Structure formats: structure tokens, C-alpha cells
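A, B, C and D are the chain letters, set down in written order, and residue numbers restart from 1 in every chain.
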Amino acid sequence: MTPVPLAELNAMDKARFVATLGGIYENSPWVVEAVSAQRPFASLTALHEAMSLAVQKASDAYKRALIDAHPDLAGKAARAGTMTADSEREQSSAGLDRLNQADFDALQRLNGAYREKFGFPFIICVRRHSKDSILRQFELRLHNDGARERDTALGEIVRIAALRLDQQVSAADRLKVHGRLSTHVLDTYSGRPAAGVGFELHELSSTGEGRLVAQGTTNVEGRTDAPLISGRPIPVGRYELRFAIGAYFGGTGAALAEPPFLDVVPLRFGVAEPEGHYHVPLVASPWSYSTYRGS
Amino acid sequence: MTPVPLAELNAMDKARFVATLGGIYENSPWVVEAVSAQRPFASLTALHEAMSLAVQKASDAYKRALIDAHPDLAGKAARAGTMTADSEREQSSAGLDRLNQADFDALQRLNGAYREKFGFPFIICVRRHSKDSILRQFELRLHNDGARERDTALGEIVRIAALRLDQQVSAADRLKVHGRLSTHVLDTYSGRPAAGVGFELHELSSTGEGRLVAQGTTNVEGRTDAPLISGRPIPVGRYELRFAIGAYFGGTGAALAEPPFLDVVPLRFGVAEPEGHYHVPLVASPWSYSTYRGS
Amino acid sequence: MTPVPLAELNAMDKARFVATLGGIYENSPWVVEAVSAQRPFASLTALHEAMSLAVQKASDAYKRALIDAHPDLAGKAARAGTMTADSEREQSSAGLDRLNQADFDALQRLNGAYREKFGFPFIICVRRHSKDSILRQFELRLHNDGARERDTALGEIVRIAALRLDQQVSAADRLKVHGRLSTHVLDTYSGRPAAGVGFELHELSSTGEGRLVAQGTTNVEGRTDAPLISGRPIPVGRYELRFAIGAYFGGTGAALAEPPFLDVVPLRFGVAEPEGHYHVPLVASPWSYSTYRGS
Amino acid sequence: MTPVPLAELNAMDKARFVATLGGIYENSPWVVEAVSAQRPFASLTALHEAMSLAVQKASDAYKRALIDAHPDLAGKAARAGTMTADSEREQSSAGLDRLNQADFDALQRLNGAYREKFGFPFIICVRRHSKDSILRQFELRLHNDGARERDTALGEIVRIAALRLDQQVSAADRLKVHGRLSTHVLDTYSGRPAAGVGFELHELSSTGEGRLVAQGTTNVEGRTDAPLISGRPIPVGRYELRFAIGAYFGGTGAALAEPPFLDVVPLRFGVAEPEGHYHVPLVASPWSYSTYRGS
């Protein structure tokens, strides 16, 4: 789907404007309608803030309707195929469309308990979370009182809207919704970037299993041609970078033991800021390595 | 079994000397007989070298008989319970008495191929190896020619004998048959040893599964009260040390993200010298760590 | 002096072309004349290579004249103020115009010994060297035989010409005559770039004294706004970067001892490749630091 | 001077006891007399605490006399050679007997200002300080009020006494008056201790000059045969360890540039706890190094 230029949105008649952005807030075109007359917007940020303000100023009934317009996570609508295309893509990005039975059951149990306590569906900006982080947030938010939880839900809805705007509208400015995860391998045996090092990035579940999310080989600068994750939030979660540093040093002619002291080096780290920059380098010789949160 | 003092061995009559040390070389008391008249031995080293020389000088027929006196690994004798107690303990130390079906089948296939090629059982000093390292050595040695492989087998027999002597005889000197694996955790956030850090040491199989071989908590010096492995060879293999450094820093009052950048830190390394000293420290802040082969 | 565009050079009549580039090879306009007819040059590289080839193909008498056209280092011409402006700037960049008496005497002694042995002046591309590195090269090259030394001198002349071309001509391509020295400070106490860290870069003499060549404060990314050295070769030599890391950590509220364990951290390193990229980061907590040759 | 065993002290008649320990508190044998009847002391600690308590319980006049019994630092008594042998040795240990003119003048000025404000001599346990740290404490303590400064002076007198007791009496227990400064060099290029690395330890003055306090070569374990400082407090101050790591790696056959990236590596650090353990290791390859406060 090609993004619509902001200038075009500014020039549309109201009906077309609402039709184009009606899905930014799930099944709630009234949010877009509310800001139509404020056009032209000078920036994507201004458009996003206007819609966010419209939600904030809406009556309690409208706020509640906005919340109710969202589907359960991995719920009935997902099984029936009646979610909006946006929701479908988002739930899929966190793996909610391919849960194992235990996770599926956990989610149904949480959906039920949550609806029973609050009377509305659990809403979270799933693109900012891994599956485990969603389950954890679910558990934590069940402890909130109703007023606080309604505000939390609305806050998540605004985050969802920001990400949808970011994908569907092009403009000179960008919303601050992207994080970046990158790496760099330095060879302290030879004093140069480590080129040609195979690596994998795994997202770890709470039970320690990994889901491969990126892989490749370092370039001549010891970096990757593109960040491992960029152009989107980094899902909150736990990760492991694995570097085939034994194979690399074996290939440079360094004398290695069998098995080598260092072969596949795992760097395990957590991401807590989805919009943050995480640079996780590996500085290694055949007998030592270090890492740190870089920038 | 209490070790016998060397002085006592020196003072025994020949029959008792042979009865006492007859099992050092598997089912082959002739090796002990051959050195009985050289007593008194000034040191355990001298006793070991004399027996090793007796093997080296023996006729081909005796050498071959010595090799044939050994049981297959995880073979018929193991299943029938007819191995010597020494062999039983040794094979158990590498987990050969509790193989999964795939490993058991692999070993039977290798035993068969090896016997067919060389006509004698595969002998390896199993206390110097992990299960995976045994399988790997087995594969490698199948490529040897007969003469080289006979020498390799005799070399392993001498290593087995050294370890048995080390356990069964006490003397002022010790044979160089022990390795040492140790660790140390330094806290570079506070500039002091990291006390109370939970850790585990796992031996990794080729498929990445871990077998817990040690666990504990660092003491006030950031060290362990005893080395993780000592008083025996370190089995050749791949290991992973895991440190609960997130819980440690959380306990010191450092402000951590949720999830923390560093939680459980895995250090994965290979051991190639069973009699070596491997010191694998963790030098960590909440946002960085390094390790190296220390001493 | 504004660089002349390559296109302009290509369009000039021969006299103006020679007048414009006549000084690229010291007092030797014949080199430029020799390539005038090859115009237009597609790139600066092509122009440089053509002139370099002209030198290489010249007769021995011309080569010798080219060498003789150069002044001594810190010699009579320098004192008399009769050097070309280019030579003056170059000798000044390595501090040859403000030598202490001991260095001046050493240079006169070397100039004399060199002239006596080879019969021509010592030529070195001084912008690629520190004062100490020049003295060291001088000593080393006195051991060459005449033929080898003549070739070495011509090689240095070509390097001098490349740097002059780089400054005096603009084109789409650049000659590979620039190195880069940069740094980066990471704070592993807080997991972020260390902003506002004062630093100094000193060039060290053989006697350990430092000459300040750059100083500043790290920016919000923990970097410097521009590389410490760029747009020119990094003089071969020994350097020390000093970081006021104690003041930085004191300012972040970390509890420091008095005096702090780390206050001013010196990183001392050598540069051997004037056209190389040297990235020398500091990764530090109040109780630890590391550095490495990065990229 | 051979230490006197505690048992002997316990068995002496009073006169001899007082004569033996009379100098522990400078020119004030009454402190020893006061505890004579409490003999036998079970430990050196008990003896020290008894004398310290006697000082604490003494009348103001006695306390003041005790303070007045001490000489100025580098003062008239020092010049006249009329200090006790203990004071002479102590002042010499901090270099107070060989001050340059500027430091001497500073000290005279401080002595004068201090006497004028407080009416008694400035007392500090000089063995716990470097010259610079003494000057700094002097400046700081000039800001105290009289009561606080008298208590500070008495506290220092007790520290002086503890160090004198530690040297002059032998017992099963030791007073906690010793610090330890040690190092260790690890070679991450070869994965082993770095043996044969030349090193120097300098105490740095505020103006950056170094005073060599220890030097040597690492042993086969990459350590020094004895700690760099032990058996005494580590003087509060700033230090620099210098390691000839370039020469070391050159000797191992590693390919180094000329000049090498790392040649002499300086580690500069401060000591704030004279009775602490400072372990300052160097973990290095030819292209990287790290250090930290270890244990």
C-alpha cells in the first residue's frame, strides 16, 4: 500500500479524507471527521496530535465506544476472520496468529478475566511488544483500577494510531515511532572490523526458546548493511544475538584449540524502550570478548 | 576407597602389591608385576612412569592383549554388568550409562565399524571427555591407520592408568591429571566483587541442550568457595556459564529497565585441555560485560 | 587559496596550465608540461597518475634534478626564507619551523650526514609525519644504499605532489591521501553515550612530552562534532587521548571516592598508517574502562 | 628492629613495659603507663584498644599535651634533627624530608596558618598519605572549627599508634592497618597470562610528575611475585601503572605496526582507602585493552 502524501490529504474533500484515514482509529471514523475542518495540516505530527486531542476531548461515551471498537487479542474476531486488515497485520506481527496451545489458553483466560473486571477488551499496541511482553503487560494491567485502565487503553489506542499513520501517510516529518537495533563486530586480534561473521538475532520466549528474527553476515566494516530492526518499534522483550566468531577467527588463520575457546558467542539482552536505539557490539579476540549498550 | 600410601605399596610383598594395583591397567596385572622388583619408588610419578614404560616395552602380543582387555563403550559388558568397577565408574562419569536412544545407536554403530576396521575395542580415557567429545573422537580416529590407532589406544590406556593411580595411591607428589575450571564476578558499577550472584554451569551437547554440572552463588569475594571443576580432568567439550546478573544489580539498588538490559548472562566456551586451568570471569555493569580466558 | 576546478584546468591553454600547477612538483614545471597534451583528464586521479608516470619515465638526470630542487628540512633555505610557500607550510605543519635547539642540532647533523652519503637533500612528505617520526625515518634511511634511497626520495616526492593536488584542485573524485582519527565515549554506568566529557589529544614526543593538537567536549552522542583529525594524513607518531571521566561521572551523581578511582583517563596509542581510519573509543564506568582500535 | 612478642610485653615489669612501648604515643609514655595494670592482653587488638581508650578518657589537658608532643611536618624539629626516630621515618616515607622548595614553602605557610588558628601542630598519619594528599588534607582541615579539629588530630594520633604497634609488636592477630595494591596482565591474543611484561608504578603529584615506587616484570602467571604495595597502608593519592605491552607482544611474534598501536600502556587511578585492596589488572591484545578495580 503506497502511503498517501500529506498534501493530498489536505486537498481532499471531507468524504474522501474520512474514507482514506477512517481506519487509523479502529472502526471509529468519527475521530477523523472531527479534525477534517482543521486542514491543512502543516505536518504529520500536527495531524496526529489533532486526532489524539479529538480522542482526549471526546465524551466518555465516545471514548468507551472507541475502546469497544477493538477486537480481543487472538479472540473470536481473529478466529472468524472479521478483524480489520490493520488489526490482522498487527496481531500477526507479534505472532498472535500462530500461538501454541498453552499461550492461546493463557490469552483466552486473560481476555475473560479482563472483560469480567473492566467490561471492555484488552488493548495494547502489539507492534511495540513481543508475545511474552504482551502476556506480561496483560497480567500487570489486570491489577489496575477501572479509571486508570481506561486511560491506559486510550493511550495504547493513540500509539496504534501513530503507527498506522506512519505507514499510511508520507510527509516531510516523521512520527517518533521507530526504534533501531544494530550491531558491530570488532576483531581485537587483528585490530580491524570483523568482516564476514555470520550472526543470528533471536527473540527469546520466557521459556528460553528462540524465534529467529534476523540473520546475516557482517560487511567489510564489521557492520550489517541495514540495522537488524528499524523502521518500526523494537518489540519489548528479550533477545539473543549469536555470532559465529570461532568460524571467523578460524578463517583468519588464528591458531584455535579444538573445540575453540570461543565458537558461537551469544549476547542476551532485554529491550525496554521500543523507540530507543540499541547498539549491541561484539568486541572479540579468540580468547576474550565484551559487549555494552552503545549508540 | 581410601588411597593407599606409596610407602605401604613399597613395603608390601609382591603378591599383595600386585593384588592392590592389579586393576590400574584393566584386567592386566602383568604390568604391575613387571615393576614390582623396581620398588621402592621415590614418587607416584616414578611408579607411573615405570608402569608406562613396561607397557611400552612389552611385546606386540602383550600390547594387543592389553587393548583387548578393555570393554566396549556402553557395550555388551556394560549392559551385562560385567565391567570392572573402575570402568563402570569411568563410563558413568561421561554419562555413557544413561545415553538417549540416538546416542546409544550412534555408539553401537561406531563400535561395530571400529572393531571391523581395527579388530579391537575403541579405548578412550572417558574422564577427559564429554559424551559429545567421545563421539567426535570416535569419528576422527576411525580415519587412522591400524598402527597409529594402536598407539593412540595405548596412549589412552596410560592416561586411564594415571587417573586410577591418582585416585588409589597417596604420595607426596601428584600426577598432572587435574584441570581446574573457575570463575569470578566483578561489579564495575560499584567497583567491588559481586557477591551473591547465582550461577549455573552447563555442559552443552552438540544439539545445544545443557546438562547442569554445577551451580551456586558467588561468595563475598565474588568467587566460588571451590573451583567449579577440580580434582579431575575437565571433560573436553563445550560449556555455558549463566550468571543471574540482573537479579544481582536489582538487589544493589541500581535503576534497571524492565526487562533489564542484562538479566541472565550466558558465557559459552570450549575446553580443549582437560588438564588446563580455565578461569572464566565475568566483569559486568548493568549495561556492559566482558569475559576472557584468565588464569 | 580556492581550489581550481579540474574542468578549468582541462580548458586552459598550456602556458596557464603550467603556471597553475607548476608548483605541484617543487620548482619543476617540466612535470606539468609533460602531461599538458594529455588533457582533458577525466579525474583528479588520472591527472595525478599521469604526472607520477612522467616522473617515473624521466631520465636519471631529470630525476636527480627533481630531487635537488627540494630544500633541506629546517635548513638554509628555511632560515633564509627562500623556500616555496608550499614547502614552508608543509615544514611548519610538522613543527620544523619551531624546533628546540636539540632537535635543530640533530636535524643539521642528519642533513649533513645524508648529503655527504647521498649527495642530495633528504626528502620526506612531512605532512604524513610527526617531528619524531621524521627524525626516526631520517636515521633509518641513512642506512639505505644510493639507488634505493633515490627511489625512496622520488616516492616521497609523489606523495608530496598528491597532497598538493588534493589541496589545489577540486574534482568529483578525491585522492586517497586523508586519514581519520576519531573517538567516542560510552558510559556503561548508565548505558548511554557520555555527553559533555572534556578531552584533549596530545602528540607525544620520544621524550614523553605532549603537544596539544585537539581538544573539546563530547556531544550528546558521546562523539565529537568532527573527527579529531581528518582532511589530511594523520602524522605517523604516538598520541595520547585524555578524558576527564572523573568530572563526568561526578556530574552524573555517581558516588565517587576522593580521589576518584578514575579521574583523567589517558589512552596512549601509535599511528602507523597516515591514510588509515583510527577510531579510539573509551567505554567506561567509574571503576573500569576499555579501549580498542575501532572503525 | 625485631618486634617484641606480645607474651613478653605481658610478662615485663611495669618499668620495662613502659620503656618498651613508651614511644607508641609520641613523647607521651603516660598512655602506656595507664594500661600497664590491665595486662595480660589477649591480643594486639586488645592492647591497641586499651591505649586508644586511655587517650579517649584522658582529661582535656592531657589530650592537649599529647597533641603538643608532636612535631610540625617538615618543621623546625625535622631541620634540627630533634624528632623521634619514629617520626623521622614516618615523615621520610611520604617524602617530607626531601621536598622541593615550592612544597616546602607551602608546608611552612600551612604550618603557620594552622598553628595560628588552632594553637597546636598539624598532625596526620603520614604513612597513609602521599605528599599531595597531605597538602590537600592540610588545606581542608584548616576549615574545621577547633573542637572538631582537636578530635581529628587525636584520631590521627591513634592511627599513628596503630602503625607503630603493628611494626614493634608481634602477636597472633594483626591490626587492620595494611592495604594491598596488586596487578595481573592477561594476554587475550594468545589466551594466557602475559609473562615477562615490564612494568612501573609511579605515584603522581598534582602537577603530573611521577615518582617511581615499584617496578618489575610479570612472572609466569602474569602476576608479580609480591603485591606492588603491601604490609603497610597504600598512601592516598594518584598512581600510574605503566606496562611495556608493545615489547611483550613484539616478543611473542604478533605482527605489530611501527610504531605499534599499543606500546607503553598507562593505567592511571586514585587510591582513597589506604587499608583497601586495589587490584588493577591489564587485559590486553595488541589492539585493545581493559582494566577495572578487581579484587
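The working rule: contacts are C-beta pairs under 8 Å (C-beta built on N, C-alpha and C of every residue); 3 or more make two chains touch, one makes a residue touch a chain.
In this text the structure is predicted, and so the values were computed from the model without any measurement.
Engineer: Which chain has its C-alpha centroid farthest away from the centroid of subunit D?
Structural biologist: A
Engineer: Express in whole angstrom the distance between the two chain centres, defined as the mean CA positions of subunit C and subunit D.
Structural biologist: Each chain's C-alpha centroid was found; their separation is 47 Å.
Engineer: Need the CA-centroid distance for the pair subunit A / subunit D, whole Å please.
Structural biologist: Centre separation, subunit A to subunit D: 57 Å.
Engineer: Residues of subunit C touching 2+ other chains?
Structural biologist: Subunit C, residues with two or more chain partners: 188, 191, 261, 283, 287-288, 290, 292-293.
Engineer: Classify the inter-chain contact topology: is it line, ring, star, complete, or other?
Structural biologist: Complete.
Engineer: Which part of subunit C faces subunit A closely enough to touch in the complex?
Structural biologist: 186, 188, 191-193, 221-222, 283, 290, 292-295
Engineer: Of all residues in subunit B, which touch subunit A in the complex?
Structural biologist: Residue positions touching the partner: 133, 236-238, 246, 257-266, 268-273, 287-293.
Engineer: Write out the stretch or stretches of subunit D touching subunit A in their complex.
Structural biologist: Residues 188-191, 261, 283, 285-288, 290 of subunit D touch subunit A in their complex.
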